[in-house]
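Structures are listed in the sections that come next.
Two complexes come next, and they have one chain in common, chain A, joined by chain B in the first and chain C in the second.
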Partner chain A sequence: MKAYINAHGIISPQHTFDGAFFENGPEEYNQPQMHCIEPDYKEFINPAKLRRMSRILKMGLGAASLCVQRGTQPDAIILGTGFGCLADLEKFQYAMKAENEQLLSPTPFVNSSHNMISSQIAIALGCNGYNMTHFHAALSFENTVQDAMMLIAEDEVQNVLVGGIDEITEQLFSITDKLNIWRKDNYNNMNLFNGTHRGTLMGEGAAFFILGSKPTDGHSAQIIGTHTFIDSNTDIIGEATDFLATLNLTLADIDTMILGRNGDAENDCVYDALENCTQANIVHYKHLCGEYRTSSAFAMWLGANILQRQQIPQCTIKRQSRKNSYSNILIYNHLNSTEHAFTVLSK
Partner chain B sequence: MPQRVFITGFGIISAIGIGADETLASLKAKRSGIGQLELFESALSNIPVGEIKKSASELSELAGIEHNAHNSRAFLLGLIAAKAAMQMAGYQKGYNRMGMIGSTTVAGQDLLDTYYTQMLDGTLVDAEMHRAFTGADATEKIAITLGIKHNVTTISTACSSSANAIMNGVRMIRSGLADTMLVGGMDSLARFSLNGFNALEILSPTGCRPFDQNRNGITPGEGAAFMVLESQSKAACKQKYGEIRGFANFNEAYHQTLVNPDGAYAEAAMRKAIETAGLQPADIDYLNAHGTGTEANDLVESKAIKSVFGDHLPHISSTKGFTGHTFAAAGAIECVFSLLAINNNLALPNVGFSNPIDETGIVPVTETISMKINNIISNSFGFGGNDTSLVISKAE
Partner chain C sequence: MKSEEELINDLKAQIIEALSIEDLTPADIDADAPLFGDGEGLNLDSIDAIELVLLIEKQYHIHIDDPRTRRTILASVRAMAKFILENQKE
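The block that comes next holds the complex of A and B.
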């Protein structure tokens, strides 16, 4: 199974929507939350409809629209989201208590359905094909990509719109901040990996791709496999080796690894074994987009760009040991050292 | 020909019973599980519901685990059904070629309802509780309890969620990514969904009456069903309770909550499911409808059924008059009902029906019919225009 990344559209805390990130470098943040730099949606979405849309829907529809503009109309739509349309869920939950279950507006309830974004994109694009939403925390995006690759392999479709999307809400921050997930100091994102600290930065984003059965002129990379597993006590090198073997690859074939380090010492030590067992270039990305459930969609965008440009953005390099060329990238991300996900991109 | 995928085990819990035997007995006796809401307080307690009359500690006992405040009710229902399915298929625990697809819309909403304010104001600081607010936690805890490690996901496409979980379990096996898949869905009654559907003004004040001219809305229900799907070689020496032979998913791309009145994609889902099964409409013996009891759904579904089957309608019923609408769990629960129908040679009755809808005149099965059943089509249509049909066949 494989799929070509023929187009992307990404809204993130960096200037990624228009590609200015590659010319102007990273945006600096000095707070524990990294919000998306959002484009002027009026170019993509009917302004009359725009006013009534929730923020996460605008992000999703904006990223999807750009993707389709650069690529092609999809035959199917598959999204991954870790928390879904959280702001509307919070709104309905609050109203239900405040109003004692009386005279509630159904709008936030309707908009809190986890598949609302994929359905609204289908309406906007007039796409009647397969429509799916994966809702499994840090595995949501890889499960989405795997679903799309199966669909392409089944000869059901030529082009699939896939996306990973999650939003920051103040309530989510407030609850998770009390759980000591976020940095209490040393907020600067560009220094996220300096020193030994606890906590990370909260992020969000909408990263969408057109995956095709065939490459187009503008294609950036191909996805040759994804693999997810749940285990709190896993031999990561063993899992990676077994997975790569199914693709007829070994760890030595991987010239670059993109790892989901987030600056939290306990979280990051899970990556050490894999990082130390090869000479691959090591790239990290969560100082650019923050930590969120579908952040590996940002990593896939970064990996696709590295393969297409044959250059690793300086601000993402942790270790550059091989400089010649970039052919095979392994993306590895985990959550709470329980949910683990791999993706392999090739030139 | 794509690889055949069989069902080697199933488990179910709903308002009409725990396990296959109780469920079948209720279906045969036309014993509906719809009644008064008893287990939590709500301003909407006068609305009839399909509630499972077991407390959290009773469900924990049935699931064989210690009672724990972090367990959502949907997780407990899911675990009971999943364990039964695994046991029936001869598995104590998972293995490396087994994956799991769970599905839910509101798992964790009961915990959110009880603990959210405390989590927000800091009187409760509990990472495990925060994880349990999200539906994926229910799937993940079932996977961990049952030792399933690879290819675990949760699908959430509103009321077609678990039909999609079943479809994708088959696709996983056919693609070669797994040999065995535990698939299903779980949802519990929650104030969140009761109030949501109440705000949409689609709750039935009397109990749902699918396909009746005077139908007046849905009856919320709760439950879970899981199935073990296996490749032909894996199922070779096992008892096979059925085969998922065809499936299709389309999106209406019409409206977030309204059904497209032309029913084109409900029709397309049924047609393609039958076609991918290698069958003709005339081969379908029984149709388990989505049949929610809303004015719009039942009319549009009836029209779509007539378009597909013409004058040769199969036996038709909606079983939501037994269980209520169990949302994400509905597709899986109705797939297990279909397995019971196939293995016991029955067309299942539609409770709550008196008079056919004027425009379409469809008369559903009102008393259990004993007949040989080879092929069933089961419909699940969700918010966001997500239309899925499955063809479930006798395993030959």
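The block that comes next holds the complex of A and C.
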């Protein structure tokens, strides 16, 4: 079971939408939240529709439109999100309380459901096929990819638009901040991994991919497998080894690992065993996009670019031991040492 | 109580805010142009109609009892202003 990444479109806290990130380097942040750098949506979205859309809808439709422009019209749309259209849900719930459940505006309510983003994309693209939204916390994006790969494997579709999307809201930040998961100081994203600290930076993003059963001229990589599991006492090396064996690979075949370290000492120690058991290049990405439930979609975008460009962006390298060529990338991310996800990309 | 023209100016600003119309200023809105319909006036739709009914209820405390009258009340900004003036309590 495999799928080719034939196009991608991404809106993130970096200049990724126009590709300037690779020429100009990373954007620096000195605050606990990393908000997306957004394009002028009027170039992609009908202005009459735009006015009623929340920010996450604009981000989703903007990134999806760019992806389809670079790729092809999809037969199906599958989306992963941790919290969905949270800003509109908050707006709607606040209004319910403030107005004593009377005189409620319909727009935030209509926009507050999780599957609103994939629905709006389907309407905009005129795609009447399979339309699904997965919201499985930190495994949302990998389950989305798995769903798409099964559709392709069963010859149900040729091209699937998949995406991972989440947004920052002040309410989400203040509630989750009570769990002490966000940095109280040392906010600089480019120094996220320096020193031993508690907490990380909150992020957001929308990353979309056209996955196809066949490669196109512009394809960047192929996804050859994903594996997710929920377990707080897992032997990560054993799990990775077993997963790679199902793809006829070993850890020695992996030349680059993209790991979901986020600068929180307790979170990051889970990656140590895997990092130290091979000589693979080690790449980080959460200092570029922050921590959010579907951040592994950013990792997939980064991995696809590494394989296509045969170059690792300097600002993402933690350890570089193999420089000649990049063929197999293992992406590993976890949440709270409990929700784990692996994805393997190949050239 | 405000005059019809003063109320029209207030309504234009309130409509722009309630419906998140970013590209228009109150001066761009013709008080007599139809609010709804393909390619006409502000080109609003049924969701916008609910937002406008809520605007009248919240801002002017006037409840529209008969839903069948909404089409007439929301025909234009001037029609909205006339309805509000006729129904507003002193």
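The working rule: the second predicted complex is superposed on the first by the 347 of 347 C-alpha atoms of A that agree within 3 Å, B and C clash if a C-alpha of one lies under 4 Å from a C-alpha of the other, contacts with A are read in each partner's own complex, and residues count from 1 in each chain.
The rule is short, and it goes like this: a residue touches a chain if its C-beta (ideal position, glycine included) is under 8 Å from a C-beta of that chain, and two chains touch if they have at least 3 such contacts.
Being a predicted model, the structure only gives us computed values, none of them experimental.
Chemist: First (chain B), second (chain C), both or neither: which does A:69 touch?
Modeler: It touches nothing on chain B or chain C.
Chemist: Taking the superposition on A as described, I'd like to know which of chain B and chain C A:250 touches: first, second, both or neither.
Modeler: In the superposition, A:250 touches no partner, neither chain B nor chain C.
Chemist: In the superposed arrangement, does A:31 touch chain B (first), chain C (second), both or neither?
Modeler: In the superposed model, A:31 contacts neither chain B nor chain C.
Chemist: Could you look at A:110 and tell me whether it touches chain B, chain C, both or neither (first, second, both, neither)?
Modeler: In the superposed model, A:110 contacts both chain B and chain C.
Chemist: Taking the superposition on A as described, I'd like to know which of chain B and chain C A:52 touches: first, second, both or neither.
Modeler: Touch partner of A:52: chain C, not chain B.
Chemist: Once chain A of both complexes is superposed, is A:228 in touch with chain B (first), chain C (second), both, or neither?
Modeler: A:228 sits against chain B, while chain C stays out of touch.
Chemist: Please tell me which partner, chain B or chain C, touches more residues of chain A.
Modeler: For chain A, the partner with the higher number of touched residues is B.
Chemist: Examine A:176 and indicate which partner it touches, taking first as chain B and second as chain C; both and neither are also allowed.
Modeler: first
Chemist: Residue overlap on chain A between the chain B contact set and the chain C contact set?
Modeler: On chain A, the overlap between the chain B and chain C contacts is residues 104-106, 110.
Chemist: Can you list the residues on chain B that touch chain A in the complex?
Modeler: Going by the criterion above, the answer is residues 42-44, 105, 112-113, 116-117, 119-120, 122, 125-127, 130, 134-137, 139-140, 143-144, 148-158, 164, 168, 171-172, 174-175, 177, 191-192, 195-196, 198-200, 249-257, 265, 268, 382-386.
Chemist: With touch defined as at the start, can you tell me which chain A residues reach chain B in the complex?
Modeler: Contact set of chain A toward chain B: 1, 77, 82-84, 92-93, 96-97, 100-102, 104-106, 109-116, 118-120, 122-123, 125-137, 139-140, 143, 146-147, 150, 153-154, 171, 174-176, 178-179, 227-231, 338-339.
Chemist: Which stretch or stretches of chain C touch chain A in the complex?
Modeler: Listed in rising order, the residues of chain C that touch chain A are 19-23, 43, 47, 50-51, 54, 57-58.
Chemist: Which positions of chain A touch chain C when the two form their complex?
Modeler: Touch residues, chain A against chain C: 47-48, 51-52, 103-107, 110.
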